[in-house]
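Here's the structure we're looking at; comments come further down.
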């Protein structure tokens, strides 16, 4: 009797979860990751609706980057479910497959192809087939310069287009990475600390850019710059010790005592 | 005190600094501001000796140091918190901190307690490898590592990058505290304007490798500075 | 001393003088014919002449000479000359005298007869060796001598060997009783080694059925035990091969594993160490032959210094311009390796040079039936000591910390006030120096030739990489794993196939663990 | 015009790489022989000029260098090669350009080429007599055999021949153990233990070693350490001479054997003189001599005689003229060039002495003619080489035809 | 489309110069040997033609290696194996052509099999009497090995030194295996004493010239294919993989496919080079599998300039020409000093190899001109090395 009830409840819960998974673009449930016994993610659950932009905040070491690693296939979770578009189980796919599903990422530490020119970095990132065949004889060889320049102007690197990316300054590399993400034009963008090392003006510009992107894409953005997060004006999730501490509108979250305690400080 | 006098710096044929001058005095914070790619990091590299300058002089406590190696400058009391953290990835947190002992006489080789007061997370992670830390944790470690050297000139390149707000405040307090001890000169590169404004005794704004605005705290007009930082 | 003892024994045991006169006997030596010499030996043994033992001893050790006019002379171990006929000292062996030659057969004959005689030698080691020789020779006529010796033997260990010897001889006697033989079989079964099997096998031939059956059963039992022993023996061989691999690789674990220099000249550093040993030994041979056993102790620090200094020179002259460009180090160090090889070839000649084993590294001993050679044992011990020392240096000293810091981020290390140039030079010197002392050890078991280094370089890289670059413990485990796997495979597959199989396994294993056995994991590695 | 003032002789021995260890000496001895000949007034009134190249232990390079010597330097003859593969590599070149090679090393046989003269031992001049000796009463009456070799053609073929020979002599199959190791094998623990085990079966056992090159030193070191005495299990080697022993401490190896056609210790006036000249030439009174060196001495002297006889260095004429040429060898006999391009040689067994030299303990009464094709192998029983009558290196006596 | 790609790939000045010089040199060598009298100063003797043919084969191997190493960062220390396998395939064909002309006159079995008592031809020798089949095997066998090896290794993400070492283990294992007489490839003696190739005597002058010209053509073709690969976006992806493999994955590139394609193509090229090498040097033996040979090939590429293709070819020729020259004459005992010294010198003085340094030098001059005319956009310094290379 009770068993049946419990079963029933469990089934319902599962069904409800399924339902929420179905409609979501990104769905994390009970995801845990540990490194040598240290739990970086602890039963983390998070759902992102299509077209939604979500800001993630949280103390250093809360697991924000680790979460992105899990989504992009860099780190395999010990347990938990990670679904994309409600159907694709990301834990079964490798990085390239995930990227080809339409998940793009900007890394916390800017990573670009240092030996390639700025323009070629964008060229390689541009949307389109990525098979060896297309790269050899196919579409990849017919990318017009305009497409590249368009992106480069947007990230204000047009005058650097012919320079090796390795020569850029730290912040310029940040911009280049954002440019690559734009070029990739993925369904879901994961943006790890995009405005670190930017001036306030650039920060505003980036917020603008992200808002514009969010009209057509789903975005997860991690940042510590609260004025930037505020400028985004989206739902905020605060992680702490690998799980969600608070979630909601920015003014609600930033007024949360626990968030102030572990994150914002007094 | 540190005085940078009219220096040029090149990467190959490309010039990154043009006639830059700067002063940093003990008990004061000198802030360097500027957009991406204007030469802030290059200026700091010139000061700590990681890149040679092609013209001008750098004086530290009256002596010209532009010909000294980075290691000699470290011995002379100059410590760097680099952009991008540059943690020794395979050394543990404790070992990373202990690399700062190289400039200290044997009996002073210990990690000052104030490091852990300031960055309590590090205390719990002493045995973890530096490269495994989160970005913000690494940034904290980089600052702590420089403090272990007990420098006379502390050079910080965007130390708040990637750090959670509460700790940014702590770092601000720490810098203020170090300043207040009065024997340390601090050069701080910062994008985060408010943070810089609150700390700066002097400032210089760079644009395209040149100082376009500089002065003391008194002469620091927010409007002017912001305009120079605009895109 | 020994000569006297043998002499006394001879006098006591020899039969009274009989047939030929000593002069006639000695004349046989002049014939320069092995069968004549054999006759002469027998006659001398029978002659009972007081100098007989010294004579035979001299013959065995190539100290007996005949002059063209038929005079026979010999020298003793101290180099004093005697006239063979009279046994009295002479000033010197005359010029033009020819040494009397022996061959294996004669020496075997002499050894066997001396073996019986030495059963009562004062030196226990000699007595034991003599008993073993008699056991192996199974010359039935020695039985009385063995029994006499057994009755006088005080040392329980030697007494046991003598009893086993007696048993082996009894088995070979057709006239022994069944009880005697059964007892003998049980004694040999307890001895349980190849010699016992040989003796038992001899017993099966033409023996009564019951005895033969018993002997066969004993053989089967012994063989079973030997199989287990053989497995253990193979593990030991593996450990010993592993230690050689480790020793060869450990320096590379620093220059390549820690510093990231693809050091193709590593083998040549090993070679320099080996040649240093050679030079040191030459000096000892020339000036202090008596202290030869200490030559390795002198060679060790010198080899470290020589290879270390060459290493420092290479680092200062070449490598330091190449940090951050590890692939160029491959090209440059390959060049250095060619130059060093040819330099040594020019200086020392292309052929092998002789490096001797000091006495503490010669020979072997038994441990629970395992035969362990001293040379290999010392190498294992030495390797472990070197490894432990290095581990300590790297993990527990400030030099180790600086060394790791510099190799991980040279520019930042400089800004921390670490003297990077000095640390680099010393680190490379350390790796090279350790390769040098590896050369001292390897000179004990391998060629000392200009090609020495080449034969170790590939294995060394494999060990370091298989273990996981940058992990000292990885190198340690990898060396022993490869050594033992190789040695377990060898009896089954043969030396050539075993090596191929190991290589293939290594390739497959890397698929499972793409960063070696002790792979460093996590973010730290990627950054 | 200059080319006609001198007669050039090519020296094709590795001076670097793995084979330098053995071959460098042969280059030196050739230089000495040429210098000496020039002191005697040269050849056909001209000076002989040595052309030295270094094929660097690299087999294709041997072919390339051979070609260079013949085509570019126009040498009259080449003295060179050590390993069989190097000889195989240069063969086509000598055939194509019709020149002459003197090959000084003991080898597996199964070859007779018009352009090559084999001055080292064929298997019947080394392996078979050595086994005969060990089987004899004097040699210890060996009943059980370990054939240990490096895994390549020379040991493989030699062991094949020996195995067939032993079986024919009534040795049981289980009394023969065959073992191969890679080049440069350095860990002999297992194999030496196996040998000891094989040898403790109660029958007199011997090891026939065709182990080559670098592997020997660690092999003997292991033997010494394991205390394998020659009186228990003698090892007879075919590739270990005075030069190889110079690298090992022989005090624990006394009595182990080698079979060669020459030993430095052989006491003849010719040899004494040769050794003295060698020491003088190398300015090193400790330099040893060995069998392949003697082979070059014989080969060179034969060539000189043949050239004098033919009155020209023209290869065709010399190849014809050299058959039947006799020159004294260094051990008191006279070696003769046979129609199969092999020579007659004495066979000697030496035991290792403390000073690294060998004591000759046995020797054939007469010189043994080298046999190109083994009588103990199926494929070659019927083959015969005769460059005089049949003008053929592989004449099949059954079919009466000459092979390709 | 494809023609356009080829034009754009080979239309640059370096390629034109390279192919042009190659063609002119080949024609000169062939014609001078055929037409000029032997005494003439410009006459190239036939043995030099064979020698040049060998260099050209090495150059082809070097280009193949540069393709994987220079552009994709795969430091193969086992490329000699592919070269040798191609060589063995050709050697087997040549052996079968000997027919009854072997010393034992066996119509089927090669000599070494007869005298080791083989009774019949092992299965893997069948088909090698056919030229087309053999030529197929020349590329197929190395290609297949590379495919199997690469398929496992790249999927397992074996990279850097780990990959280098297992390629070395591969060639080392093959060497030991081929050394074994039981393998049926002639053991240490290998395959030698060839008679004809497609009916022509291998040693005849016209055959040699033809082989030389074919080798040159193959080098040109290899170069052209490699150029097309590296100038297409495919090449850019390779470089991206070389510099930041995981970043390329996050952009959606299947790194293992790219690596596999280039590795297999390169192995086939090496195999063809080996096949042309064998008839010209007259022997193939397990020594060709020796790890040192593969390392040497890497050295040629480094000397000429990694990632330049033309440099690889040049490096192979320069190093081998020096080897040829230094190993003869008075300097023979000291040639290792000179070669070793050369390697050290090149690394120190020409850090990017001969061609790489020249290219950098031209580029700098070009830049300098541009800077004079238009001030902005500071010219890049050579990209900081370190990063990309720590991958290997």
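In this document, chain identifiers A, B, C, D and E correspond to the written order of the chains, with residue numbering beginning at 1 in each.
In this section, a residue touches a chain if its C-beta (ideal position, glycine included) is under 8 Å from a C-beta of that chain, and two chains touch if they have at least 3 such contacts.
Note that the structure is predicted; figures quoted are calculated from it, not measured.
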item	value
Touch-network distance, chain A to chain E, counted in steps	1
Chain ID, smallest distance between chain and overall C-alpha centroids	E
Chain pair, C-E or B-C, that carries the greater number of C-beta contacts	C-E
Chain at maximum distance from chain A, centres defined as averaged CA atoms	D
Length of the line joining the C-alpha centres of chain A and chain C, rounded to whole Å	64
Whole-Å gap separating chain A and chain B, where each centre is the average of the chain's CA atoms	30
Chain centre separation in whole Å, for chain E relative to chain B (CA means)	51
Distance from chain E to chain D - Cα centre to Cα centre, in angstrom	37
Residues within chain D bordering two or more other chains	15-16, 151, 182
Per-residue overlap in chain E, given as positions that touch at least 2 other chains	176, 179-180, 246, 333, 336, 378, 380-381, 384
Interface hub residues of chain A, defined as touching at least two other chains	35, 109, 167
Of all residues in chain E, those that touch chain A in their complex	1-2, 5, 229, 232-234, 236-237, 239-240, 242-244, 246-255, 257-258, 261, 376-378, 380-381, 383-384, 387-388
Chain D-facing residues of chain E, complex	45-47, 50-51, 54, 98-105, 112, 114-117, 176, 179-181, 187-190, 192-194, 203, 281-283, 285, 287-288, 323-324, 327-329, 332-333, 335-336
Chain E residues within the chain C interface of the complex	75, 149, 152-153, 156-159, 161-162, 165-166, 168-170, 172-173, 176-177, 179-180, 246, 291-292, 295, 298-299, 302-303, 306, 333-334, 336-337, 339-344, 346-348, 351, 384-386, 389-390, 392
For the chain B and chain C complex, residues of the former touching the latter	48-50, 69-71, 73-75, 79-80, 82, 86-91, 95, 98-103, 129-132, 145, 149
Residues of chain D touching chain C in the complex	15-18, 20-22, 24-25, 138-140, 151, 179-182, 184-187, 189-191, 193-194, 196-197, 200-202, 214, 217-218, 221-222, 224-227, 230-232, 234, 243-244, 246-249, 252, 255, 257, 351, 353-354, 359, 361-362
